[in-house]
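Structures incoming, each one as structure tokens.
Two complexes come next, and they have one chain in common, subunit A, joined by subunit B in the first and subunit C in the second.
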Partner chain A sequence: MLLGSATSVALDVSERLRGWLPFAQRRRAWLAALFLILFPLVAPFKALATMILIYGLYALGFNILFGYLGLLSFGHSALFGTGAYFCGIAIAHFGLPWWAALSLGVLGGVLAAAAIGVLAIRTLGIYFAMVTLALSQCLYYLFYQATDWTGGENGLTGVNVKTINLFGFGLDFVNPLVHYYVIAAFVIVALFALSRILASPFGAVIEGVRESEARARASGIDVVRVRFVTFVVSGAFCGLAGALLALHLSIVPIETMHYDTSGLAVMMCLLGGMGTFFGPFVGAAIFLLLENLVSLYTVHWQLIVGAAFIACVLFFPRGVWGTILQRSRT
Partner chain B sequence: MAGLTLQLLGLQLFTGVALGALYVLLAIGLSLIFGMLTVVNFAHGAFYMLGAYVGLWLLMHGVNFWTALILVPLAVGALGLLVERTLIRPLYGRGLDYPLLLTFGLSYVIVELVRVAFGNTGYPVDTPDALQGAVDIGVGYFPLYRLFVIAASVVVLVGLWLFLERTSFGLIVRAGARDPQIVRILGVNVARVWLIVFGIGTGLAGLAGLLAAPLQGVIPEMGGPILAEAFVVTVVGGMGSLLGAVVAGLLVGVVVSMTSLFAPEMSRVAIFALMAIVLLLRPQGFFGRAGLMS
Partner chain C sequence: MSGEIILRTHNVSKRFGRLNALNGVSAEFRRNVITSIIGPNGAGKSTYFNLLCGALRPSSGTIEFEGRDVTGLPQHRFAHMGIVKSFQITTLFPQLSAHENVRLAAQVRVTIFDMWRPRASLKMLSEQADFILERVGLGHRRDRPAALLAHGEQRALEIAVALASEPKLLLLDEPTAGMSPQETREMMDLIVRLAAERTIILVEHKMKLVLGISDRLIVLHHGELLAEGAPDEIKRNELVKRVYLGQRDH
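== the complex of A and B ==
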């Protein structure tokens, strides 16, 4: 009886959601922007909220490739890390202004993606994950050994930005709330850009290639080029995320390039829901909150997170957000 | 330098072969599992690490090295059987990425469990008494243990080859790698074959871990870099090809040891450059079949 009423309530909710969803779908970037503006008011720590922003953007960039194009990369730390190092080096070694450093960060992500993409796109399917992993490991060693530029094992220090100069206004970047909103502004711009890309004919082509390569090819689409361009676009988003991380932390740890950071994108994306617009952010939030919560009780938080991930692969392959979406559609 | 070069080259070549032997054991396991199950085992590095730790645990409890050499692959392989049966089997037919993702999550769990049991810091592992010292191999004195690693790998490979070529079960494995559907139609219980192949593959990874332990010690993170290197070997050799795994494994081992002789700062990057060249010239690898990867 109780179960019956619960189901009817659920049905009722999904009934209402059905009218709500198309609207949310059309206005997804606005909704996300609104949420990110209100988010620090509910989030316990501004630093954690900022990390969710940055890693959410990183997972978003990964999701373009994995969720929308269907290519599983295990080398995204190279894109993220190169973005972070380019931005960090621009500030720490050359004293460039923040906007130039951020642009260089995006460029770094694009260059790393192009370099890895040229080689990895030649092999597909099952090879792709292995080749991207190996190539990102190669970049990791290169950055690790270029101690003069990257600080090697100790990471790159001295990425200090105290004020953000914006058309004559100086924003106090040390204030955590201002700090959050500056980074949120970039993430919101990225969200609008992504929404625009996905709604464009190219966005349709990306998903078309995922659904059926043969059909896309028969429609006259250069599948290899689509894959390469998507990889590079993904690199731009991840590069921006890396650059924001460098600004946020004032240091670029070598772990940014590490294989574990690639795995992070995979986990966040799958936990949240691959191929959905909000999924990566939901995944990043769940992952980081879980990490923070579990590490209060035990240092072995990876055990819990790993087990949660396995459960997700086995039982909820659509992830949290993807499952919510699916439930509300049927 | 001039007088030493030839001797040094020879010794370094043997060092490379010893390292390559470990790569071969890992890559053969990866390749067998992929060839049969079309599963890329991202937990392969974790099984390797686990092999080293199980070995360490056995040695600490007074088991001698030779017994550990038998017990470790059996223990790690048994865990592999369990993993395939309970975690991977539900995922067949759901796309190639899911088993891969699952084994990736599993590697996290295994590494963390080892940290729980043994702590975050590594341990050195003593070379067994009988294998200490060096022997003259014609070009100079070479550590006996490394020679043993080469010999042990050869024995395992010959055994595996006989198993695959001379037994009816091996025939099924080879047929299954070529076309699992036909094999199933012929009435073979493919699920059981897959289970055993996964066990063999993980067992080999465990054995490689144990063999590597006296060379470099054990640490929970030891599986990460070696996984990337084993992937390089499989990509260079050709996924699903056992001969490719052997040739590429030895080649990669020699490339690593030679670059660490001539340009030590490039030794970690060299094999990735090798992979990049192979990908540009022959994307399916030395012995891979074109089309397998799509």
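== the complex of A and C ==
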């Protein structure tokens, strides 16, 4: 019953979407920015809204590889986690300013992606998924063992940023709303960058490689190199997401690196709609909202979230956002 | 420049495990003419074709393009040198529009890793794609996804995509496979028109189809070179007659 009405709601939304869809496609980054600015007004609480931002960005980075290039990685937690640890270590151990720490976080994601990518990129399909999983577990144990630097099992504490200094203005990072908007600003910049990359010549090449590797190769595209570069770009976005997580939580839990987190990215993309611009955010929002709401009533929240996931896959095979898009096109 | 040798294979062989698909084939291809590779089923035509375009590496022997040894280079390098193939089984970017299929192939010559400029700013490429689409008779299908085109249209788009790479040497693998007689005639006309400006190598199963349009023919049989020459010579060749004898379809 409930699912039936959910589908009809989606249909209803898609009816209304039809008219302005081409406009939304052109102005996708602006629309996303607008939504993120208004989001805290409707979100149940600010911390959750911030988590949706961060995990949305993480899923977005994952979606570049999964949705746009068509490669399923099970090792993205390593990119996310390395970003978080690099940022966290920069602040907790070296006392670097927030902007330097964030940049190092992005660098961490890029380096982890390059290291994993260089070894994994020649494999495809299930082998690629397994090799990335294995390599990300290697990084997990590396960070787990380096207790002096990472705090090991207890996580890295002391990632404290109280004020964000911006051109002489001190923003109160402890205030939840300011906190949200600072992180939203970075996510919005990332959204514009991604939108730009997708619309660039390289974006066209990514689509081509996904559509037909044989054709791409015959046309003169070095397919292996395109895969590697895409993996690294994906790493930059995931690294930024990880760095923002470290700033947001003031701690880097070791679970950030765990393969559960890799699975999370897959789940969020599938929930929202792989290969769509907004899909990963929709997926992250659905997952985290469900987790938060259901865990208020029962400790067995995973049971309910899992069931909801299965229902989504069955009734929205292209993800919630992907299905809405598809319905409104036809 | 016509008549000058553009591509040469020297004693190339290809083994798949214990199967000798191709055995010491030496042949020359001249610039700005149509050379057809023919032979009965299992003659090694496709294997030879895939060696010429770099999709496969020879087990032994060398391939020379414009006087340069190109044996064993990766396939994308072949494309950049100007050797471009079309596929026997239509291989396009199925979900992209006809226009984007051609535009992307043209873009590869200009940039692959540019992540910042908007695609739309490369106007020249888009115009070139439109020009090529008109040329192969697909102007009216510009915005339709490749997967939704009719079979004959897809074959034409395949040629358009290959042309977008501005090949010096265009390799076509059974371009009329599965086409109606009408579509076949149109395709053959198109190939003849294209041959005015570039070298074409054609792989074809049906000898009759290519005798009329080819300047030279290479006949393969059991992975070996059986005969090579102008269509008239090949028609008179006793060996070729014997190989094709009893195969009514040709």
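As a working rule, the second predicted complex is superposed on the first by the 306 of 330 C-alpha atoms of A that agree within 3 Å, B and C clash if a C-alpha of one lies under 4 Å from a C-alpha of the other, contacts with A are read in each partner's own complex, and residues count from 1 in each chain.
Simple rule for what comes next: a contact is a pair of C-beta atoms (placed from the backbone, for glycine too) under 8 Å apart; a residue touches a chain by one contact, two chains touch by 3 or more.
Everything numeric in this text was worked out from a predicted model, so none of it was measured.
Putting subunit B and subunit C onto subunit A via the overlay, clash or fit?
They fit side by side.
Determine, under the contact definition given at the top, whether A:222 touches first (subunit B), second (subunit C), both, or neither.
So A:222 only meets subunit C here.
Can A:233 be said to touch subunit B (first), subunit C (second), both, or neither?
Only subunit C; A:233 stays clear of subunit B.
Once the shared chain is lined up, is A:214 touching subunit B (first), subunit C (second), both, or neither of them?
second
So, A:48: does it touch subunit B (first), subunit C (second), both, or neither?
So A:48 meets neither subunit B nor subunit C here.
So, A:201: does it touch subunit B (first), subunit C (second), both, or neither?
Only subunit C; A:201 stays clear of subunit B.
Quick one: classify A:130 as touching subunit B (first), subunit C (second), both or neither.
First partner only, subunit B.
Specify the angle subtended at the CA centre of subunit A by the CA centres of subunit B and subunit C, expressed in degrees to the nearest 10.
Rounded to the nearest ten degrees, it is 80.
Applying the document's definition of touch, where does A:114 land relative to subunit B and subunit C: first, second, both, or neither?
Once the two structures are laid over each other on A, A:114 reaches no partner at all.
For the overlaid complexes, name the partner, subunit B or subunit C, with more touching residues on subunit A.
Of subunit B and subunit C, the partner in contact with more residues of subunit A is B.
So if I take every C-alpha atom in subunit B and every one in subunit C after superposing, what is the smallest distance between them in Å?
12
Once the two structures are superposed, pull the subunit A residues common to the subunit B and subunit C interfaces.
Touching subunit B and subunit C on subunit A: no residues.
Tell me, which parts of subunit A touch subunit B in their complex?
Where subunit A meets subunit B, its residues are 72, 74, 119-120, 122-127, 129-131, 133-135, 137-138, 141-142, 145, 259-260, 263, 266-267, 270, 300, 302-303, 305-307, 309-310, 313-314, 317.
Please give the residue numbers of subunit A that touch subunit C in the complex, ascending.
196-197, 199-205, 207-208, 211-212, 214-223, 226, 229, 233
Hey, which residues of subunit B end up touching subunit A in the complex?
Listed in rising order, the residues of subunit B that touch subunit A are 34, 38, 40, 42, 87, 90-91, 94, 96-98, 100-102, 104-106, 108-109, 111-113, 115-116, 224-225, 227-229, 231-232, 234-235, 239, 265, 268-269, 272-273, 275-276, 279-280, 283-284, 293-294.
For the complex, give me every residue of subunit C touching subunit A.
Within the complex, subunit C touches subunit A at residues 53, 55, 74-76, 79-80, 84-85, 87, 91-96, 100, 103-105, 107-120, 122, 161-162, 164-165.
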